[in-house]
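These notes open a run of structures that come right after.
Both complexes below contain chain A, partnered by chain B and then by chain C.
And now, the complex of A and B:
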């Protein structure tokens, strides 16, 4: 806040109009509320929030690419890919740390394959993304429901340490999420590929006239999203200590919510990776808060859905309908 | 022969063909009781398909439909045991909530996909508040309502026919129905009818909400208890039924008879597991694949054109393959 006072009013109004502002303010407000209501340590809450929030952020950063490409693109298969990967990783590693790297590659390969199927259905058969990815998700769900009874084991102590541990109070997961968000931010704003994604999201006809191969770019975004979901599943299995059928349940709304709350346009063309981090922390701490005040699972769902609706409503016409 | 080119004929043919297959495998379903049992399970899906069709005719997609059915089911199985008025009150509140959802979409001009998706969590949340775990009982009158039968005509058939006829009349023959279709087609057309898009979208979600209440009734009567998650499987199936029945994502047209026939066809597919020994898990995949195939076939024609045009190196392909995405509007 002191920075705002020092600088000119131009900076102040830029901050006030910043798209990620609701998420940042929300995260701080919820953190303060948790600190007041709860009796745990203030930084302990932040630490656990950052760890859990990092998983949401990782799926959100993948989803960011898909949504930024605009034209109705969205990936609803995230939770299913994540869960399948958690099972596959648990089965492949089975407590053996030496198998972590091959398992990670296998899981990423599965993610890439599912992402490619999603993109193919959307691009070639022209299924609406929201229907196509959900249909693929159902097929993937069937696969892991059939496979799950035969899967034993866990993802090993190494992944477990990465997912739960930290260095001098800072969780490894938070470091991973911050580094990746920085990377994604660089890719989206500075790289050839990222600029193409954003151009496509702003106007597909214009992007195509400029020589951008919209099909290839869209294909790549779905692959990136599914790979990020599958690797998150690997890490999440390490955090939870094994795979379960509902391990990914909260990531369907979660991965989309953090993109929207983080100040990115659902219509595409505007992306904000650091905002995704802030929003992930916000919704994770919000769940902590609802846990603290002992509301039922139902009320939690209502609060989460309601906040998304409220934020969507405040985002307003011009911002969503970018031209 | 003109009717053969109608987009809903394929769905009716598919439903009849699947019925033929089922009847040849299991002649027992040809009796009145057999028909009753086979078709009763399809009634909730038919209601869901009609609700989805109304919303899709207006150019939206309702992703909250599954949770909404679950909420109505949960209300039916709990509130009505306390008092009829509590139940009616909660159902009215639900329909008002549905209209409110339409208001949010129209007022802020947001994509319906996203708003209904967020609302699906709100409906599920309320369902979990009303009924935290599966349980409750269906009110006796509700079960009776759906097991009433006129001698000679199995009730599910009667229900399906009445549903198809009523929704056809509503969308094709009333002013509101025309307005809904024109909303999906072209916003400007609504204004040329001297109506306000805002009120049309509210009426559209009102109609969908009312149909979902009836669908929830049939779901409760069929399962004779409540489960907050009971509606989830109807979301994809309802979209699939509409698409098989001739509807599309662009909005502007409606095929009520096709949607009901599509629901019956999908219902037959869903009951395949009891006829052939298929795992219930595989059924999910089967439904997902069926949706992909149904939508894929729709594209086959355009795809052929695309391949052909591409070979000639014609740049006009873009105009053919670039559909307007649902929910984006103009």
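And now, the complex of A and C:
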């Protein structure tokens, strides 16, 4: 009796308590609803949802580091970095596939610079993160609004294929997102840097007494977030076929929402990369669902908001055991 | 009245009466229960047992709002005025009256200004300015001022809980004289808890001495002298110890308190003489004025004294400065710091470890397991190219946890364990990278007796193995486990005592005003 039963109840209860569970359940529920109500193919819905969702997931994975470090840290410059990168990438590549790698490095470099500026404003000038990153975001916006009329070209066919294509029915973007989420997960659990970020998010005084250089760690998280936003912008330009001033709009709250819905604590200290994936899928399919039921845009938003609140209320505050 | 916080008894059984117009001082060493007593009277805590009566009427429940309505005003050591308001706005906030007219506000402004001048003999900063622009000491003065604002009408009793601790001696003296005056004229009673005994002499009607949650004596009028009060405290401490010893004997627990562990300890050969810490006349702004101490390998050196005399700041400063590689002799505010590593041959600079008593805020990582809580500091041993070596983590950490008999499984969430066990985990964390000197900032605060004993034994073992320990404890009886004890007062190390039964000497040195 005992051993098998104990073990399976152990596994079952661990799944039930897993912080990503509500997002996974939500994603499945919405997908099923879409499949029932809609008239497209079941897997087609999943495919497109996974592709679009992957972009949010990528920005979410970057934002995850900033939020996990706690202490009020958050990056509101994500949509602006993303948009700027779309423009810069389009301009640098200009349809020439050979230029993709150098352009990617340049874009990542710009992202790193912006992340450094964010971190400096917050750590040195002691600006509240919400204020500091938003201010940087507006400056970035001004830059790309200046730049945009002069940018022609697109990011080329290679990136376009990566962004829109797939292999045996699985979108490349989904694969990228999954691989990256796995990587982030490993970093958070198996690397010292990840431990330091999570320690900082749980208790800054304890972390500093344990010898963690909170300034450096925080700096690194902002750089990671901005770089991920910029590379996402590069890929997004491939998906959309160019750059426009508003392609980043939904990533402002989107990058934060998927972090929180995925089971991370907004106060920091707990992070869940797979949850970010599930939450991205959930949010993307949710928009599809509300589109399908043909209600006005306002009602759509109410329904989306209501479902998100419902989901959040089920992500309880149980202790997270990380071993 | 009694007040328990779970298993901790802060106030055991106190009967106290304060008459109209009386100024009563409550004095005692750390943990005597003075603050808890005043907080209960002010309505911030609810007594576990007993009653509080105001003007003859039992009040239950006594909340902060009820207390205020009954004329009880509290001023605590931590400032409570919102700094984004001005002095006038704070006064209006406290009084809870709506003052829409500018005449009313002007009236309040003038009242505060004149009262301030009366009480402290100096001008108040601009009452319309936000308090963020005021200095800390000015804000403290304002809080006391506002407590007395309606001394002619509704105010009955003012409770000053260490409220004068940051004030200059001359201001405090003037304040006390002023209070003398108004309590005689208007019948306002004052209950003041303070450890600055010399200020109270000649200015209070009665002084009540607390120790170990009980009132152990009192003195009135001309009998209120520093010597008398310290003597009463000493007697109280002796009684408390006798009570603890008889309790242990009755329980027959045999192990822990048979003889002070330091006797065992000092008999063993553990000194190899290397000096790990030697500081001379170190000053650390703003809390340490001049500290001189020395810790050798294998020694347990204690620091005693009342709380807040600079002990924590000194320990933290040592923690950050001893950690720096090859610290040369450096001049800090006219002081010199010399650090000699006990292990001249080791390539890594000898690292200090620090353990604080505030486990909840500065110790635990609440979402993590015991294992992860322990390993977080040991990057050099358990990491390679930035990656955590899990197998090594498991074996090394689990072994240490086992060695220290930490209850609970290593993969358990740390918050499921008791406070004492959590503190042991934090200790393990500090020990994992083999420090040569261990700095302890009141590490056994709030821990159950059994775990405390385990921790004392651990300290003994560490000292035997050559580690030097510098241990600040707010509980005098703990210092008996030390080889030597320094006492800090007012930011200075005021004495060095040889180890053993130093309780009474520490008590005296904590208070006497040289």
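Miscellaneous remarks
Just so we're on the same page, the second predicted complex is superposed on the first by the 287 of 323 C-alpha atoms of A that agree within 3 Å, B and C clash if a C-alpha of one lies under 4 Å from a C-alpha of the other, contacts with A are read in each partner's own complex, and residues count from 1 in each chain.
In this text, a residue touches a chain if its C-beta (ideal position, glycine included) is under 8 Å from a C-beta of that chain, and two chains touch if they have at least 3 such contacts.
The structure displayed is predicted, hence computed values, not measured ones.
In the superposition on chain A, contact is made by A:139 with chain B only, not with chain C.
When both complexes are overlaid on chain A, the residue A:206 reaches chain C alone and has no touch with chain B.
With both structures placed on the common chain, the touch criterion links A:305 to chain B but leaves chain C unconnected. Once the two complexes are laid over each other on the shared chain, residue contacts for A:270 go to chain C alone; chain B is not touched. When the two structures are aligned on the shared chain, A:253 is found in touch with chain B, with no touch to chain C. When the two complexes are overlaid on their common chain A, residue A:190 makes contact with chain C while staying clear of chain B.
Overlap of the chain B and chain C interfaces on chain A comprises residues 205, 320-321.
Contacts from chain C toward chain A in the complex involve residues 319, 354, 356, 361-369, 371-372, 376-377, 379, 383, 386-388, 390, 411-413, 415-416, 429.
Of all residues in chain B, those touching chain A in their complex are 61, 63, 104, 107-111, 113-115, 117-122, 124-130, 132, 228, 236, 239, 249, 279, 281-282, 284-285, 287-289, 291-292, 295-296, 299, 302-303, 318, 321-323, 325-328. Only residues 71-72, 74, 121, 124-128, 130-132, 134-139, 141-143, 145-146, 204-205, 208, 253, 256, 260, 266-267, 296-306, 308-309, 312-313, 315-317, 320-321 of chain A touch chain B when the two sit together in their complex. Listed in rising order, the residues of chain A touching chain C in the complex are 190-193, 195, 198-199, 202-203, 205-207, 209-212, 269-270, 319-323.
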